[in-house]
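Should a chain be cited, it is by its letter among A, B, C, D and E, assigned in written order, with residues numbered from 1 in that chain.
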Amino acid sequence: MPDGQLPVLDVRDLKTVFRTRRGEVHAVNSVSFDLKPGELLGVVGESGSGKSVTMMSLIGLLPSPPAEVRDGQVLFGDNDLLKADEDTLRAIRGARIGFVFQDPMTSLNPVFTVGYQLMEPLRKHMGLNKKAARARAQELLELVGIPDAGRRLKDYPHQFSGGMRQRVMIAIALACDPEVLIADEPTTALDVTIQAQILELVKELRQKLGMAIVWITHDLGVIAGIADRVMVMYGGQIVEHAPVKELFGNPQHPYTRALLGTVPAMHGTREARLRVIEGQPPVLDAPPAACPFRARCTHSFERCERENPPRIPVGPLHDAACFWNPATGGPRDA
Amino acid sequence: MTDTDDRRDDVPAEPAANPAGAGAAPALDPASTYRAPRNQWLDVWDQFKSHRGALIGAAVFILILLAVTIGPYIWTIDPTYIDIRAKNQGPTLAHPLGTDQLGRDTLSRMLAGGRVSIAVGLTAMALSILIGTVIGVIAGYFKRLDGPLMRFTDLFLALPLLPLLLVAVLLFRDMLSKTFGPEGGVFILIVSLIGITSWMQTARIVRGDVLALKEREFVLAGRSIGTPSRRMITRHILPNVLSPIMVSATLGIATAIITESALSFLGFGFPPDFPTWGRLLFDSVDRMQLYPERVIWPGLAISLTVLSVNYIGDGLRDALDPRIRGR
Amino acid sequence: MPDGTPPNKLVEVYDLKMHFPIYGGVLRRRVGEVKAVDGVSFDIHEGETLGLVGESGCGKSTCGRAVLRLYEVTDGAVKIEGENIADWSAEHLRKVRPKMQMVFQDPQASLNPRMTVASIIGEPLDEHTRQSKKDKLNRVYHLMDAVGLNRDFANRYPHEFSGGQRQRIGIARALALNPRFIVCDEPIAALDVSIQAQVVNLLEDLQEEFGLTYLFISHDLSMVRHIADRVAVMYLGKIVELAPRDALYDSPLHPYTQALLSAVPEPDPSLEARTERIILKGDVPSPANPPKGCNFCTRCPQVMDICRQTEPEYREVAPGHFTACHLQDGQPQQQQQQQATDAGQPAPAQRQEQSQQGEDT
Amino acid sequence: MKLRTLLLGAAAATALAPVSAMAERGSDGQLNIIYWQAPSTLNPFLSGGTKEVESASMIIEPLVRFDQDGNMVPWLAADIPTLENGGVAEDLKSITWTLKEGIVWSDGTPLTAADAVFTWEYCTHPEGGCAQSSYFDGVSSVEAVDDLTIKVSFTEAKPFPYTAFVGSESPIIQAAQFADCLGAKAPECTEANFNPIGTGPFMVTEFKPNDVITLEMNPNFREADKPAFATVVFKGGGDAAAAARSVMETGEFDYAWNLQLDPMLLDEMQAKGLGTVVSAFATSVERIHVNQTNPDPSLGEGRATVDNPHPFLTDPAIGKAMSMAIDRELLVEIGYGAGGQPTCNVLPAPAVYASTANDGCLVQDIEGAKAVLEEAGWTDTDGDGIRDKDGVKLSVLYQTSTNAVRQDTQALVKQWWEEIGIETELRNIDASVFFGGDPGSPDTFQKFFADVEMYTNNFAGVDPEAYMANWRCSEIPGPDSQWQGSNIQRFCSEEYDALVDELSKTAGIDARAAIVKQMNDMLMESYSIIPLIWRGNPSAHANSLGGVMMNDWDSEIWNIKDWYRIDG
Amino acid sequence: MLTFTIRRLLLAIPTLLLISLVIFLLLELAPGDPMAQVPLTVPPEVKEKMRQALGLGEPVHIRYLKWIWQFFVIEPMNLIDAMFGTSLAEGQLRVISWQTRSPVMDIVAQRLPQTLWVVGVAYVVAVLIAIPIGVYSAYKQYSWFDQAGTFVTMVGFSVPPFFSGVLVIVIFSVNLGWFPSIYDTTHRVTDWDSFVVQLKQMIMPVMVLALQITSQISRFMRASMLDNLGQDYVRTARAKGMTESTVVLMHVLRNSMIPVVTVIALGIPSIFGGAIITEQVFKVNGIGQLLITAIQANDMPMVQTLTFIFAVLIVLFNLIADVLYGILDPRIRYD
């Protein structure tokens, strides 16, 4: 590690499988990554690429059945979360790892007040009494920029607008000063102007609180503005991983490159036609024995059919799971 | 009015969504192979099969249906024939289920009774479903009629049904008996009464579903094409409310059989010498200690039928619910 | 900017209002209304694409549906080829339906799950033509080819397809009757990024092939920039700004448009760092209870006293550039001149050049 | 004089009154009685139902009751007036009763002759709708000669004057309580109707209509040490099987009424040793009425009236064949057990009136029945198993009330009749409708819109005069009489009517008996009535209950004052 | 919320009037005659007179209005009289039963206690049993407990009470002698012992009834739980580190109870309606038995009044259920 910091979260070789009546779906295949204190790791991918499942797997939030974490290690502090018992996990969830989910409409319990839902983790994990919890809850709402926080504690989720609700979700996630915040598409359900508000808020909070954040999204634009490092996922595995500027400036994996190409620009040149990635994302009914992107890849060759490419270092802190070298236009030697 | 972005990445849904896409994945790649077209009913059947209770239920119900329809042609003893010398017999070769206090053959009475009970159940259910569906669809589809029709439904819901059922039996029994004979008249009466008094739930469910369907974009799409209302209903609405209707149908059969037996108990059902399961059970209850088998047979038959249709309903509910089907 | 022959106006919308009543009180009297669309005017020229953008709940979808007369409009006129269809009866309307079609947002919800692809695409033919079965099937096959669906899929059901393919089915259905005008109601919102581009390209190809006119409703500003010739921005039931694409994106006049554009995240970290964002405060007010004066006055960073009093007039401040903002009250002339230099009315015929020109600047 | 015999019997009955071990009034706690039909009122004048009459019999009393053998027992009367003791006038036009001395109502006021006079007024008030007014038929006046002497006068000579104030259906009510309840107001006196003050052993503490009556002993009852029970709970509702079970299987109740159940079932229950089935025979006969008029619906107004004779049932040969085809013994075995005997007479009791001329029917004779039909020209010409003659088929509709035993009987009879070539269709009607007497309903037994119908009838008391008069031509129900009338099968014979008149003028039991037997035989030979079973009335009492004297002539709990708890 | 309630109450008035008219007219058609119970010996003229005395001589609409007046004005006045000792309704003609010739309402009041005891307790017991069963079945969907629960509830639904009732009597009264087979409506609870007696006589009817009610409510509870278990907020609660019991018993149960509570409220009128068959079997002479005897005896005023009381209760509890829904679910605020 260049900056010598120990990762707060270290995931190694995670494998998660869904068992359905039609057979198994290998949603996450040998995913490894780490998260350093205070950094924001962006995770990009289309639906079904396994990005959410990866994060849920870490901490036992996937419903089982049908989900089953098959293999791997998740080192968080002294614990391997995959081996930890439910009590340990429960003590970590909400206290040391906070979650923000995509849809703030449905992620809050409609029949409890926001205050109650906010105080729940405070009382459980921090052992605060009611009064202290309320005070802290108000503080948290103020922190996430909800005006008139004291009064709004008594309101129900439906009395908040979408953006405000997402702020509440963030407040809940931050309630116990977690070391890690996992945000699963937190702005996807929001309008652009509201999304901008939330992004601004997160940047602000990062500065104030300094926790590490995993930010899952399918929107490259969001990632570009907020992340330190980015992982691109496709077909249940990490296909490219780099610091944000490196990734956008020098994408190595054909998928990343294609993905960047499909987004029409807001400024400058307007292309006559959008670039497309033909075909559909794969369904992983078996552990992949070949590159999952090969069918849609314009550069695939014989080796891609035979072998699932490992993550190959392509630069400082930059790796890509691809046999093709964009610099040469030919196979990469690995 | 809704501009919501539906792009959700719901985790548990992921595995469910994927296989659906898989069948047709290589759309732009005609060379690759794809699965044969699947009828959606096959999917339903697949899911239904996986519900063991429903499968057993279906098997039992079909067995019962076969028994009561074909049974009397195989076991030809007249259910009303009195063989007084053979009264109160236990199971023998001549009378596998024994005989009653007049020496009538219990097996043939069970078969004849089941025929009536199941016929009552099926026809009453069909009637109730028909009324409920028509009212539900019309109320849900035509906004102007919604208010009046739902008030009408509420009115029926607020009517105390059993008392009215009993009064109606008193009222119309004779008229109908005269026209259709004592058994036919009572059959028509009971069936129509049960049907008329049990459609409201179906109507409400169907209306709710139709209202939701109306908001679905494919209905809007139909409108934008200019499909007239009646074809809208037959083409887009009805096929899509089929599942709640089928579930209420199974429950309807069970309720109708139970109601018929309750009417028998209260003395408002079929003529006493006309066997139905409810009547057979009721007649034997007094002699329960002496001849327990005589309550067991009809009791078992009713319970098995109701259980089996209930399980079928349960299975259908699961099988027809796309949210569950994926699991 | 050459502005020779004025192109045909295929669709003209004047002061369209779509109010949904709210009932309340003991007697269920009408106590108010949701002004989903509140006095919207625009027109769409033959062969062009008008983008309609805005946030959730701003009324853009309602507007699109009202234009197609899928609702009974409250007030205003909708002219298709000069005929005002706003108050036509359902039967009368049926006859003009083939001219105007719609592509829906949710490809899952817009296809009847109990019908096969062939019957879905063929439904408009059943309704409006008397072709033989065989002709119909041929037409269906033809349409499937046009949208890039394999003919072998004709007898399948929608749930067997992926989102992008379903959207293709929806497009094929819309094309079945050779429409001239298609309302695309957020056709890509429910699709994955990699698929969005496929669908948008298809729409563009079809436009070219069949000379279609689109009303393209979307909240994705970058995609609208790509596909639309002119863009209208809606806020709380009203159009706040309407301008040719480049004029709008390069020099937005209305503060809302400015905020909206600046809120779009840029997929380029270097650009992203430099962008000065305008972060709007608060949320969109309820359309049932819009603020007095300018609808945007509650969130506008440049709000003035007059904004809270008087509703700004929607007017043309530069050729083809309309806006409703008090900020433009004082300087119409100046703005117009400035505007005239870098943007003009893009005629459909000049589309190609127009984009070339865009590249040059 | 036969009357003397009756009187002697009465004396004997009094003497025999249980010499029980009972020590004092109210010492035996609570008595639980269950009637599976619940009384709706305690005023027997407002409802003629057995359940009302019998429940009221614990509270209000007549002058005379009939004992278990049908003998008269003086109850409120000091003795039974006869010609000999001068109580009955020589011209048979009046009878004078004397009350026992010192009888007081349960409220402590004395019972006087004026109460009897009031009772007469109450029950004969034209707007009162008294259910028991027939007991006062022919009574011209009731006078209080003095406080204890009541004189009942008749319009015509009455050889059998023991009707008014005799038996449980004609009790005396308290004038003071019902003074304001005459005529149309009678039904509105809810308080009085639900809580009549009486002279009987018990008085009402609470009456819940159609549910339960709680009673307690009458502190002013005339017999110092009676009743033995301090309280009575008279529960109503349910069904016969449950009532039987509660007495004989669970022992919750001490007495259960009217257990017309499968005899096997009763035997089985009795075997538990908790209770005993007792039955009393009086005059109840389960019979089939053979309609002499045509019930064809196409006749409209003329349906089932004397204007339209029945197409074939007027032929006695058919009735005879029907009767011969029935195995009465088997019917008893299946449905009645000890509670029934086969009979061939519509009047099987009292013994002195019972004819023996028709006993041939006791043995089933299918072949004989066939021969009778053949002889009468009814043959099966078209081979469908149904006999016919001149294009008329022997096809009958056989109706009765809904009741498990009756349905079994119906099923059996149907089989036998079909065996001799008479097609039979069964129908049954809810008892409340069948016996409801509602002129609007087509299903009453009086309307008789069927070919044959089956039910039980009897008469109260011991004198059959009124009963036998049921079959006069004038008693035929029809539209002009609102379908009221007791000649249900529409039998009509001048000869018979003459005998009715003769009977009403005849005194002397032997002479009366001869006439009655002749009438009975005449009815039997017409085969318009097919008697089946002389029915007992089965009830059950707990083995710990003593003093029960099963009685079908009067209320079956007529002697409840003498009931007591057997210790141990 | 208040305006909603008021509006619903106002709407209930025409509904109830319409229902009363339907009931009245239907029963008008019934072949009932108050004289049916009057013995045959009474001459027809007298019967006609008696009929007049009961107000039967008048045309239908007058009788309907009279009945409505009696029901809505005179009977409530009688209730006030009975409660406060006033004499508002003295001398006014009340609704009189043809069968017993006593005011219908008095009999209803007499019958209500036992019905409420038995059916009400059964309802409470059933709800108390059904909810945990429903919750656990849903939580462990397709477990053996769920399967067994499904089976038992369906058996409960499929066995007619005239059979299950007699069966428990045979077992517990006849063979074991634990409980009385006949309900004593005169029993008063005054102390512990009499309470035990009351409990004993209630157990069997309550058991039979509760089995049926449990079947329905537990199925409903299960479905509602299943709906809510899949919701996003459940995941949020888990992500907050809440224990499973908090997640299920606080978050999911609270939400699932909303529809169930309204279903329970909707079922309450049936308590007052009594249980016709179960009451017959155990001789609990309550409202149900009253109704059936009234029907059999053609006692039209009684049938009319009872059916109409049920209708009023059904309408009322429908309203209560809707209001409850609004109260329980903060998202729903009518108006």
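In this text, a residue touches a chain if its C-beta (ideal position, glycine included) is under 8 Å from a C-beta of that chain, and two chains touch if they have at least 3 such contacts.
The shown structure was predicted, so the numbers you read here are calculated from the model rather than taken from an experiment.
Touch-path distance (fewest steps) from chain B to chain D is 1. The chains that touch both chain D and chain E are B.
A count of contacting C-beta pairs for C-E and for B-C identifies B-C as the more extensively joined pair. When every chain is reduced to the mean of its CA atoms, the largest separation from chain C belongs to D.
For the pair chain A and chain C, the distance between mean C-alpha positions equals 33 Å. Chain A and chain D, compared by their mean Cα positions, are separated by 92 Å.
Between the CA-based centres of chain A and chain B the separation comes to 48 Å, rounded to the whole angstrom.
Centroids of chain B and chain E (each the mean of its C-alpha atoms) stand 26 Å apart. Residue positions of chain B with contacts to 2 or more other chains are 4-5, 7, 12, 21, 25, 27-28, 170, 267, 285-286, 289.
Residue positions of chain C with contacts to 2 or more other chains are 55-56, 162, 164, 192, 219.
Of all residues in chain D, those touching 2 or more other chains are 239, 430, listed in ascending order. Of all residues in chain C, only 55-56, 162, 164, 192-198, 200-201, 204, 219, 221-223, 225-226, 249, 259-272, 277, 279-280, 283-284, 352, 355, 358-359 touch chain A in the complex they form. Put simply, chain D touches chain E in their complex at residues 34, 38, 40-41, 46-49, 126-134, 184, 187-188, 190, 193-194, 206, 208-212, 214, 233, 235-239, 242, 245-246, 249-250, 252-253, 430, 432, 436-441, 446, 481-482, 484, 486.
Those residues of chain B lying in contact with chain D across their complex are 80-82, 84, 87-88, 101-102, 104, 170, 174, 178, 182, 267, 271-273, 283, 285-287, 289-290.
Chain B meets chain C in the complex at residues 1-7, 20-21, 23-25, 27-28, 30, 34, 37-40, 216-218, 220-228, 231, 235-236, 239-240, 242, 322. Residue ranges on chain D touching chain B, taken from their complex, read 239, 241, 261-262, 264-265, 268, 297, 330, 334, 402, 404, 407-408, 410-412, 415, 425-428, 430, 433, 442-443.
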